[in-house]
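Below is one structure. I have some questions about it.
By written order: A, B, C and D. Residues from 1 in each chain.
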Amino acid sequence: MKILSFAGALRAGSISKQLVQEAGRALLERHGIVADYADLKDYPFPVYDTDIEQNIGIPDSILQLALRVRDANALIIASPEYNGGISSVLKTLVDWLSRVKPSPLAGKFLLLLSASPSGSGGVLGLWHTRVPFEACGVHVFPHMVAVPRAQTAFGQDGQLSDEKSQKKVNEIIDAFVAHVAAHHPIHLPKKEASLANQP
Amino acid sequence: MKILSFAGALRAGSISKQLVQEAGRALLERHGIVADYADLKDYPFPVYDTDIEQNIGIPDSILQLALRVRDANALIIASPEYNGGISSVLKTLVDWLSRVKPSPLAGKFLLLLSASPSGSGGVLGLWHTRVPFEACGVHVFPHMVAVPRAQTAFGQDGQLSDEKSQKKVNEIIDAFVAHVAAHHPIHLPKKEASLANQP
Amino acid sequence: MKILSFAGALRAGSISKQLVQEAGRALLERHGIVADYADLKDYPFPVYDTDIEQNIGIPDSILQLALRVRDANALIIASPEYNGGISSVLKTLVDWLSRVKPSPLAGKFLLLLSASPSGSGGVLGLWHTRVPFEACGVHVFPHMVAVPRAQTAFGQDGQLSDEKSQKKVNEIIDAFVAHVAAHHPIHLPKKEASLANQP
Amino acid sequence: MKILSFAGALRAGSISKQLVQEAGRALLERHGIVADYADLKDYPFPVYDTDIEQNIGIPDSILQLALRVRDANALIIASPEYNGGISSVLKTLVDWLSRVKPSPLAGKFLLLLSASPSGSGGVLGLWHTRVPFEACGVHVFPHMVAVPRAQTAFGQDGQLSDEKSQKKVNEIIDAFVAHVAAHHPIHLPKKEASLANQP
C-alpha cells in the first residue's frame, strides 16, 4: 500500500506538518508502512489563473505532485481551518490538480486530519475540505480526527504528547489502513476516471 | 451484494421514488442484483424527540428499518432538495437511526441520487445530505447524479426517458457496484463501529 | 423591536432551551426587550409529507408558528447539532414554514446559538443550520455563539454559569440588537418576498 | 453608498468579470451608483503562507485591496465554482485579508453572483463562498443569482443577453441596494469589529 502524506499548510513547523508526521509514525510503527511525505513548500505554485494555464501551462510543481498522487493508493492530509473553511493553499492545489488529465485524484482514498489551538480542533475546516476532493472523485474516509488545544497537545519536540489524541490518531490510522487494504479494484479505475472527467 | 434502496421523500409518486426505482432497474438489468426497496411511508416515525426516546423508546418503525440497513452492504437513496438542504424526512430518519446501538449505518456504502424540476437537479441538497451520513461513518460514494428538469426527464409512465440522464444513472450504478464489489473487509467492521460510537 | 425566540429541540430541559432563555435574560436586562418565547413542544407537527399538505393542509401548529414569525422583526434560535448537521426538528419546521405563502421567514433577521457537551459546542451544526434559513431569504447574523462543555457551563439551576460564555452571549446579543435596530426598511419587504418566492 | 465590485477569477475575459460588470451597469442605470471596480489581476498576491506574513509581511497588493474594502459599505462579487467549492483565488484573498487588523471585512454587506456553463450556474460554489466571508463577520445577502448555460446567456459583446437572467440581476441589485440603504448603523461597527477579532 502506497500512501502519500502532506500538510495543507506551507509554514515551516506548522502544527499540520507535525500532525501528518505523527500519522506517518503510526503508519510505520503499527503497519510497517513508510509514507511518501511531501512538503508543499518544495512545490511552489501560484494562485490558480486560467491565463497561466493557457499561456504557460500547468506549473511543473503541480505536474510533479500529480505524479506522486497518481503513484499512491491513498492520501493522508492534515490541514488547518482558515476562516471556517478549507485552507486556501490546499484549495489552490486541488484546483490546479483538477486541471491535469486524466485526473490524478479520481478513485484515491483520503484520510483528513487537523489540529488547532481552538476547542473544535479545526473540524469545521475539515468538513469543507472534503468537498473539492469528493468533487474530484476521491473516496474521503468518513472518520476524521481534529486535535483541539494543539499548543498543549504537542510537546516541545513537536510530537503529539496528549494521550487521548494519540489514541485517536492510532485508531483512525488502523481503520483507514484496514479500509484501503480491503479494497481490491478490478474494473474500477477506468469507470471512476470517466465519471470524474464529466463536466 | 445486498443493496437497500429508498427515497428520502414520503409522497406517493414522488420523483425521488421514481428515480430510485430507475436505479433498481439498472441494478437488475446490468448486474442481476435485486435491490431491497423500502417505502418510508410504510415506516411512519415522529419528529425526533429525546423525550420520546427516553420515555417510550426508539419507534418500532426505526428499529425495523435499522434491521434492513444492517442487513445490507450498501444503500442507494434518491432524495429531494428542500430549501437548499437535506430533506427533513431523511434527516429525521438519520437522527433516529443514529440512536440505535451499535450503529446500523457505520461502515455501509451509500450512493446518492436526486431529481428536481430545477436546472441543478437538486445537487445542492445532495451535498448537504452527505454530511450526516458521513458523520455516522458511512462511505458516501463521491460521484452523484442529479437529474435536472425532472418534469420532462421522466415519462408519463414514471420512467426516466431522458437518454442523457439514463446513461448517467447506468454509469454511476456500474461504478458504485464495482466499488462495493471490490471491497472485502476483514478486520474492518469492529474498528469502524467503535469509531462511529465515539462522541 | 419584536424578537421571537425558541429552541430547535423538543426535550423538556434541553440545553438549547436553557441557552435561549439565557439570551432572553440578556435581551431583557441589557436592552429592555421582552422576547416572545415559543416552545416547539406546544406546536406538535409531523414529519414533512407533501401528501399531508395536499390532502389535509399545512398543520395548524405550523400556521400558528408562521403568525408568530411574521409578527417578529427578528428570531433568536438555539439549536443542537445532530450528526454533524442541523437538528431534524428545526429542518422539519423550516420545510413546513417554507410552504406557507407569502413566506413568513423572508426578510427576517436571525441569530443562531448552540451549546453542547463537546469541545466545539455544536458550531458545526450551526453552520449547516444557516443554509435553509438563508435559502428562505433570512438574514442570518454572521456571528454565532457555540457554548462548549455545556454540562459544566450551565449550573444546576439551568442558568449559564461559565463567565466566558456569559460574556460572549451578552456581546452577541448587544451586536445583534444594534444591527437589527439600525435597519429601517422602506421599500424592502415586498422586493425580498418576491425574491424568496421564486423557484 | 459605496460599493466595491470584483470577480473571484483572474482570467482576462472571464465570465465572472462579465457578470460583475453587468451588476455594475444595473447599479448605475437603476440607482445612479458608480461601483468601484477592482480587477484582482492588478493586485497579484501569492498563495497564503504564514512564513511570508511573518518574515516579509502582508503583501502590498492585499493592503491596497484592504483599503478599498474598508472604504466601501458593500461588496458585490461574481465568482466561479471550482471543484464544487469556492474559487481558490477568492479563498486566498479572504485568507490574506483576514490577517489585516482591524478586519476590513467585518460588518460589510456582500452580494454574491455566479455564472457557469452548467445547468446549476455555479450555485453550489456560491454556498461555499458564503462561509469564509461570514466567518469574517460579513453580512452576506441571502439571495444570490447563478446564471446557468453562460456560454449562451452572454452575447459576443460580453453582455448578458438572456432576458430571464437580466431580470434576475436587476431584481437582486434592487433588493440588495434597498437592504444596504435601509441600514443606518449607530453603535455597530465597534461591536462587530470586536466580535470578528475574537479567536
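In this text, a residue touches a chain if its C-beta (ideal position, glycine included) is under 8 Å from a C-beta of that chain, and two chains touch if they have at least 3 such contacts.
All values derive from a computational prediction rather than experimental measurement.
Enquirer: Per the definition at the top, count C-beta pairs in contact and tell me whether A-D or C-D has more.
Expert: Higher C-beta contact count between the two pairs: A-D.
Enquirer: Based on CA centres, what chain would you say lies at the far end from chain B?
Expert: Farthest by centroid: D.
Enquirer: In angstrom, rounded to a whole number, how far apart do the mean CA points of chain B and chain D lie?
Expert: For chain B versus chain D, the centre distance works out to 36 Å.
Enquirer: Using mean C-alpha positions as chain centres, tell me how far chain C is from chain D in Å, no decimals.
Expert: 27
Enquirer: What parts of chain B, by residue number, touch at least two of the other chains?
Expert: Where chain B meets two or more other chains at a single residue, that happens at 84, 127, 131, 134-136.
Enquirer: Once bound in the complex, which stretches of chain B touch chain D?
Expert: Where chain B meets chain D, its residues are 84, 119-121, 123-124, 127, 148.
Enquirer: Spell out the residues on chain D that touch chain C in their complex, using ranges where they run on.
Expert: 127, 130-131, 133-143, 171-172, 174-175, 178-179, 181-188, 191-192, 194-196, 198
Enquirer: Name, in rising order, each residue of chain A that touches chain D in their complex.
Expert: Checking each residue of chain A against chain D gives 9-12, 14, 45-51, 82-89, 91-92, 94-95, 98, 117-118, 128, 131-132, 134-136, 199.
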